[in-house]
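Here's the structure we're looking at; comments come further down.
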Amino acid sequence: MDNSNQNRPRLRDMGVKIGVMPTGESNSICDLPGLKVGHVTLIKGDGALIRGEGPVRTGVTAIVPVDDMSPYNKLPAAVDVINGFGKSVGLMQITELGEIETPILLTNTLNVGKVSQHLVEWVTERHPKVMSVNPVVMECNDGSLNDVQGMHVGREHVFDALKRAGKDTSEGCVGAGMGMRSFGFKSGIGTASRKVKCDEKTYTLGAIVLNNMGGTGDLRIDGVPIGKILAEGRWKDEPPGSIIMIIGTDAPLIPLGLRRVARRASFGLARTGGMASHGSGDIALAFSTTPLMSAPVEDIKNAAGRINDFFRACIESVEEAIVNSLLRAHRVVGRDGNTADAIPVDIVADLLRK
Amino acid sequence: MDNSNQNRPRLRDMGVKIGVMPTGESNSICDLPGLKVGHVTLIKGDGALIRGEGPVRTGVTAIVPVDDMSPYNKLPAAVDVINGFGKSVGLMQITELGEIETPILLTNTLNVGKVSQHLVEWVTERHPKVMSVNPVVMECNDGSLNDVQGMHVGREHVFDALKRAGKDTSEGCVGAGMGMRSFGFKSGIGTASRKVKCDEKTYTLGAIVLNNMGGTGDLRIDGVPIGKILAEGRWKDEPPGSIIMIIGTDAPLIPLGLRRVARRASFGLARTGGMASHGSGDIALAFSTTPLMSAPVEDIKNAAGRINDFFRACIESVEEAIVNSLLRAHRVVGRDGNTADAIPVDIVADLLRK
Amino acid sequence: MDNSNQNRPRLRDMGVKIGVMPTGESNSICDLPGLKVGHVTLIKGDGALIRGEGPVRTGVTAIVPVDDMSPYNKLPAAVDVINGFGKSVGLMQITELGEIETPILLTNTLNVGKVSQHLVEWVTERHPKVMSVNPVVMECNDGSLNDVQGMHVGREHVFDALKRAGKDTSEGCVGAGMGMRSFGFKSGIGTASRKVKCDEKTYTLGAIVLNNMGGTGDLRIDGVPIGKILAEGRWKDEPPGSIIMIIGTDAPLIPLGLRRVARRASFGLARTGGMASHGSGDIALAFSTTPLMSAPVEDIKNAAGRINDFFRACIESVEEAIVNSLLRAHRVVGRDGNTADAIPVDIVADLLRK
Amino acid sequence: MDNSNQNRPRLRDMGVKIGVMPTGESNSICDLPGLKVGHVTLIKGDGALIRGEGPVRTGVTAIVPVDDMSPYNKLPAAVDVINGFGKSVGLMQITELGEIETPILLTNTLNVGKVSQHLVEWVTERHPKVMSVNPVVMECNDGSLNDVQGMHVGREHVFDALKRAGKDTSEGCVGAGMGMRSFGFKSGIGTASRKVKCDEKTYTLGAIVLNNMGGTGDLRIDGVPIGKILAEGRWKDEPPGSIIMIIGTDAPLIPLGLRRVARRASFGLARTGGMASHGSGDIALAFSTTPLMSAPVEDIKNAAGRINDFFRACIESVEEAIVNSLLRAHRVVGRDGNTADAIPVDIVADLLRK
């Protein structure tokens, strides 16, 4: 297996800019001050699927908005469910209270129960008096490459992903992205960010996606119908797939504002050719790293007054993150020899130039 | 510990009828043809709390609408989130698709992750080709009596509850109800049902509740302010608590109709004195045991035409089920000697007579 | 016609207190500093209905949270649609932005279009550069007493109601309440309020309702099943009816908090015997007179920390306002001789004493 | 003024096909059997704005899904509010009941009250016993070209639009589209349709849009960034604008299915460069011309089984309808000499060829 995804280019490396807004320094969700990302990637075995043994092509990704999130340390958040054929947990309480109280974990569909249990353990071990905690665990289904029924992500992987979390801007076949496919190619994790000016202040908005959706023919990169050309001879019946889109900002938005930002993630998704098909769990979660009411009132007014700029930053970041999740992912052979090819960078570059 | 809850009276045994509609034969959700309920109750240890050891006062309850529920065998369903400070899983997909595809499990707050994992195992072991399944697991927090951080409900308990499921009309300290409290007294599981006539046909609507909410002073039974009198000298600062209300019917309602029925569960809740306090996870889930589109068109029209009767049946059943969950629950001493007294039946009967 | 509704007693005059919280000075929504209410009541003709002529038994009620509301002067707000079989306008934008920008007008079902047009005129005449305004007009159907198809509320009535607005605590057959019925009796406008202590500060929450719902047998006053006794010999087939519940507070709540408060209005409704029947438009709208972000941060934190007290204040105020809307309404004979009797105060008082 | 919009090309006339699905015969919502569209276009005066006099550049468009819609003749329907900064009426009841009971009227923002009143009159004059009717009137703001405060659409225009309704596939500056602008150019009404095969049957899905949104630089036609090139030298500060997207199908979908179809309208919108900006009222309404439960059960199953094809049909139809609304609209000079140029067809054609 070729593990070279970190040498593959991002979209900007190919000379293509999505939208008009300036990116953050690393053009990733890690541009948010204090925010950390951690991946644990699990690869084991080859050949025929034996339930509970493998082959394993999966993982877990932790997004830690600020240090030591807990029911004592909450952040404003909101959710937009684009298509709810999914198994993510924790969203109901976010909608009710407008808050998250744990890091956000990404993993595979059937592993959500175990991972959420271990996230609860992680919180309650740090805070022994906590008797109620709302774990946020989101998922896509890597069952075409991975022994998904095996639930291979365990306690140690959850704790490791949280421990390792740092300014990790990896993309492609890392963490929860290990077993994902999109538009007929290998995909996984992708990220991007934008700067938003509000009078004197400049805020950051970043997106990180776990991308597992789309049929080949539908793929568009910056509007160019790449998929139509690449679709010749590829798998016809794509599994429906899903996408998780996490959007973070350090702007002091209230939950209602974050809900409106989250709604725009689907606009970035649509521009890549995604259509939120029947069987997909397409969900956007937006949070602010500024606790509600901790910001000066003037800041909140300014951030709200420029909400359109946050909408646009969200759309651009999501669209670019999705493309990055494809470009950066290398070829993977999984269970039963199922193979997901990397998207051919040379051909794509050539098409984009025209 | 006194295990005599099955000898305690239900509300009807005390001569009080909630509402005006006729009950089903057993006045329980088990009146629905084919529906089964199974409880596994866990009691272990006494004295000081040792995390992971006990004392254990918890359990799991399975509601099996029809045999062998799976992604191949779905039923129409809908959800109403009254107050979403809760950790129930599976609700997003129900809202999107208007369907449930697994039995509904009830357990404690921090055990949801494990129980949902085991429910997924239960389905995938029966249907090895299933790669996506939406487990529905709902919860209240029994942490005042139980070692809730210990997550004592495991695979064998989940599988047992599903295996044992039958026409079990137990109430009070059974299954997930073992560690619950309400209005300052011990509570747990309660159930009730109503018959709904639609022209020639008679349908059944039943409710089963996992009741863990309410401050003593607020309790009303059939409108009588029982709680005001009982409140003297009782715990002042009740934990906020939660309530799960499951409503089933054999009438052929579409998801939109079921959503409207579910919305009325909160009316039954309100009449007992419940107020869906800030920290509560108050959720109603309604399902039909008649698969969408399997009923003759005339039936569906008739059921919809009488939707008001289903609204009323829901309100009456939920109100009565909540009261039953209190009346039938015996005194329990839990972790750290925390004690939940049974509601005093004699005093209540006396007050209701006046 | 007996116009003596202002001599009829309120519930407190009969010695009955709903709930446990202290009322505001006038026990009405007018206890909110700055808030004004104005009614225009239309009564014309008798006898057989002639479409467009009468008899007229209708009106319009204006609730003006603060002076000169306009798109330049918005307040935080939220909506809970309990049963959406209704024609109220303006709710979508409230849900999106969490704001109201006009006074709230109440009128009859078929008059909403005209009244909303005139409300737009009222705003744009004061603010000629405004090219977009979101009128909030809510309604119940007074068609059993009034020539509802005649749309008798016109521009002058809308402007008058807004002009007259003051500390008007009238109840019963006033304004939009003129033609309404509830639980088989004449009803109309009702109001009540509660004080909420948050540390050093005391806030007010008030409710005003336009009550047109309920079948006689279901009525409960403070839990007492008054309706069962009064139901003998009364109209069997009540029209389904509707209720509009407006909740205002001066506490600095964000829209998400107001949405949660609005959700509790249905708990007050349920306690009176209301069931949000199929054909009803049952809607709660909550607003704060404190502009978002204008309050000191500490105030907002405290108000949020005591959200349960606002929940309770909402439930109690709504329940009491509904009862007041009945008690205070006198007998009315309307179109085609249709008659709505006043609820018999003596009998009710007698029943409540027992 | 150049009234030649009917001579301007549609997108297909320029050789560009959106998506992969076959269109209906006229590639318009009129391909739905029985469905009719009627426009009344109002043009009066020139020069400086005099409130209430003009210049008038507005109108009303009626979409009549089937003949004689009324509370006795309802159709399944659902709504998706993308951004709710809008004044459309009737949506709450659609969400509650999953039904429409009147034709759908489109007009300008401040005229909604009057138009809804006249729609109520139109229904009640046909059905004198109707005492409750839910008018559906949707809007965009034509205030940059039109005397929007003048509310020039009156009773006769509403009745005329409904009377004239037929297989009218006009686009551009017709009906409610008269005063609309989009992406910095004149726009208005646009439409498109797709055929959906379900086993033996072929259904139609059509979209008609009232398009008033978008900044020039964002416009994309079939992915080509036309707007970037055209943006040079054009108005910088576009008003935020809005879009109404009506989707009809003859497939027997239940309201839940229609809600999911409506959700995909925003995907078509996103692909044109729309971003649902803060100040826009972006709303999708989907309906079926097949009454709920009138279709054979097998049909409903098949239509639901192919829901993805309806998702795609919706996305493609909306994207193409939006482009048509631009291409077909001629230059209009409005109030105060404000001018909206037609999009330059030759330049666009040239850019699309490359």
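Going in written order, the chains are labelled A, B, C and D, and every chain counts its residues from 1.
The criterion applied here is as follows: a residue touches a chain if its C-beta (ideal position, glycine included) is under 8 Å from a C-beta of that chain, and two chains touch if they have at least 3 such contacts.
Bear in mind that the values here come from a model prediction, so they are computed numbers and not experimental data.
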B-D or C-D - the one linked by more C-beta pairs in contact: C-D
From subunit C, the most remote chain by mean C-alpha position: A
Interchain centroid distance [CA atoms averaged], subunit C/subunit D, Å: 36
Subunit B and subunit D, separation of their C-alpha mean positions in angstrom: 46
Subunit D, residues touching no fewer than two other chains: 83, 96-97, 260
In the complex with subunit A, residue positions of subunit C that touch it: 96-98, 254-256, 260, 292-294, 297, 300-301
Subunit A-touching residues of subunit D, taken from the complex the two chains share: 20, 82-83, 217, 220, 222-225, 240, 260, 263-264, 266-271, 274-278, 307-308, 311-312, 315
Of subunit C, residues touching subunit D in the complex: 51, 81, 83-93, 95-97, 109-110, 112-120, 124, 128, 131-135, 141, 143, 148-149, 151, 279, 281, 283
